[in-house]
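Read through the structures below before going on.
Two complexes follow with subunit A in common, the first pairing it with subunit B and the second with subunit C.
Now for the complex of A and B:
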């Protein structure tokens, strides 16, 4: 799994690519924690290039969501489609995250 | 495998997403402790949708929400308009027998009351009866050809008796529907629907062109052409309500044109003028008889009615829930059972078979009003119309040119719907032969009706219907050709060589080779990959995991065996805190997701070997 980071003003866009499973979830979670610890509290996680996310990956997203709230920041998800969208549905995560269709909408929501 | 069945349960169908509960706009409060209040609360006021159902944005009122009386009534009238066209079926059955107009009037009046009753019992929940959805009852083409056959053989009493049988058969079938999928594959359902359309259309045309029919006059051709043209024109180029009610408007146009064309003379109109505006329908025409020779056509028609009702209820489930994942078979079973009971009521009340109205489900989706109050309003309108002899007299004398044109219009859609259902499956050589030979068997009976005489007399009585011949040939061939269908493949994964991509590649390769649906293959691949992911660190410490996948077109089964501990598959999602803050959070969530991912999950352990079984319906 690769993680691409971009900045748009005060917002950091994180784009993981590949699979987020038990092997890669820790690395992904550490990356998010590192961003939050360096003061990047407005995050948009673009999942458009993810082919698979396991329960371990969802756990890291929930941890990041809580950490963001504790730091009075905002976290939004976007680019959720296809199989990843189905996994969000079977995990019943639709209402636990702020989810947007496009990256632009996600950025606007956390600014 | 002593403990293998320890955890078997069906997954929950609904999403358990928090929040997003439908807004109930003041449902009726039958407060108090009287048994009537309790009965009404249980049967109607209690919500039918799960609390965690998410209302789709396109829906103004879901099944549980209560629109104003004006909205309920206006929508109810639209549904009545949509359903009214199907009164041609009892009308044509009466014509086939040549009963007096008064009997036709009685049958239509009682028919409308039966539609009201069928709609009400579908919307209420009384014991095992009632899906609770806004799903009006309608007369149907499904029973038309068998009813005509019964009418010719034994008059109306045989039609009514066999209709009671068909309803009972459908009701008995309801709890078995899911298990019968193997024997009633989708493509054969399509064939049955197609042949229902063909048989009904040809039966209608016989009343105009058949050897015993009176010659069609020029005015009749003109009226039939205008009727059919109006319906087709409005359906193709019309918009909004005009398009939605194109069949009813076309029927009215044809009726009005028939007067100047001389098809409705003052003598023929006399029963309308003499009929009262209000009156009780008569029961004098009702009696019942039974003929074993007609069991097959009515049983096959009731199977088709059950499958159609199941499909319509599934549409309602989907319409009411943005998070809909797969059919809730409990609701489907209740709905199909109710559909059978409604047909039994129709037969007992001297009518032909009924079915849930698929166009009504479409209308609810189009208007965004799926409230159960609308069904109650539609039932109320039908009930009132049942006590209006003048209206039923108008319907009873509808010229045959108008009725047959309306029938042809509706069966066209039934036939094409059947073709679409058949073509929805990948038609390999096996299915091609099942469908092709089935259609040919049905057409043979239509084109060469004398050919049944070549069969032994006991079989000839059953095979004398195109619907029966086509269905029996297709079902028998389907059973024969299933020999050797089940395919098996095995994958071994060593503990120190876990590779989720390898698992995915295995399922992609096998599902492609087996012709399995990609969405099912993805669910299967996720099931194994997520299981491996969840157990690798805690439950599976060493040794080899064996993944055995088997596929037989209707079932995709996976057995995963590994040395280690069992994982739990909870029905409820662990709390956010449990997932996030517990070290076991990911594994707990994995169990919940795996349960929802598969249609059935069970696990067991024996001699240190844990087995997890995933079942996916295909």
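Now for the complex of A and C:
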């Protein structure tokens, strides 16, 4: 898994690529924690380039979501389609995350 | 590891970093048999959940243990089998996950397996846990 980061003003866009599974989830979570701990509290995580995410990855997203709330920041997810969308549906995550179709909408929602 | 048209198998150690080699094996297996993205994701996620649960919870000692993984291409079905020598544990005995709860810490892995695969069976034989997960090829 690789993680690409971009900044758009106060917003940080995080785009993981590849698998977010039990092997890579910690590295992904550490990256999100590092951003939050360095004052980047407005995050958009674009999942369009991941092949799948297992429960270890969802756990890291939940931790980041909670941490963002505690810091009065905002976290949005976007780019969820196909099999990844199905995984979100199986976990009933619609109510737990702010999910947007496009990256632009995600960025607008956290500004 | 053996590479055969219909059956591939490998053994990993009980450490999370080893699970990546199983993900690679699943990718190659699905490519060989021209299996759908849906099957690839179902197999990959289900094996990740099964193996990470074994590595985290099955062993009470600090010893190295070997976990056996086999993928089989059967008529109309793909089967994934995982065998470990950890403490007896039937993951299917875990209660259904309460999706209304915000606590998704435990029981989430088996929830994925149940929902991604069509048939899941657990056996305890000869001191081994064996989990067999099947999905129809559509």
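Note that the second predicted complex is superposed on the first by the 111 of 111 C-alpha atoms of A that agree within 3 Å, B and C clash if a C-alpha of one lies under 4 Å from a C-alpha of the other, contacts with A are read in each partner's own complex, and residues count from 1 in each chain.
By definition in this document, a residue touches a chain if its C-beta (ideal position, glycine included) is under 8 Å from a C-beta of that chain, and two chains touch if they have at least 3 such contacts.
In this text, all values refer to a predicted model and were calculated from it rather than measured experimentally.
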item: Superposition on subunit A - do subunit B and subunit C clash or fit; value: clash
item: Partner chain(s) touched by A:96 [first = subunit B, second = subunit C, both, neither]; value: both
item: First, second, both or neither for A:22, with subunit B first and subunit C second; value: both
item: Subunit B versus subunit C as contact partner of A:59, first or second or both or neither; value: both
item: Common interface positions of subunit A, toward subunit B and toward subunit C; value: 19, 21-23, 52, 54-56, 58-59, 62, 83, 86-87, 90-92, 96
item: Partner subunit B, residues of subunit A touching it in the complex; value: 19, 21-23, 25, 52, 54-56, 58-59, 62-63, 66, 83, 86-87, 89-96
item: Subunit B residues touching subunit A - in the complex, by the definition given at the top; value: 15-20, 52, 54, 323, 325, 500-501, 504, 522, 526, 529-530, 533-534, 536-537, 573, 576, 579-580, 585-587, 589-590, 592-593, 596-597
item: Touching residues (chain side subunit C, partner subunit A) in the complex; value: 16-17, 19-20, 23, 37-38, 40-41, 44-45, 48-49, 51-52, 55, 99, 102, 104-105, 108-109, 111-112, 115-116
item: In the complex, subunit A residues that touch subunit C; value: 19, 21-24, 51-56, 58-59, 62, 82-83, 86-87, 90-92, 96
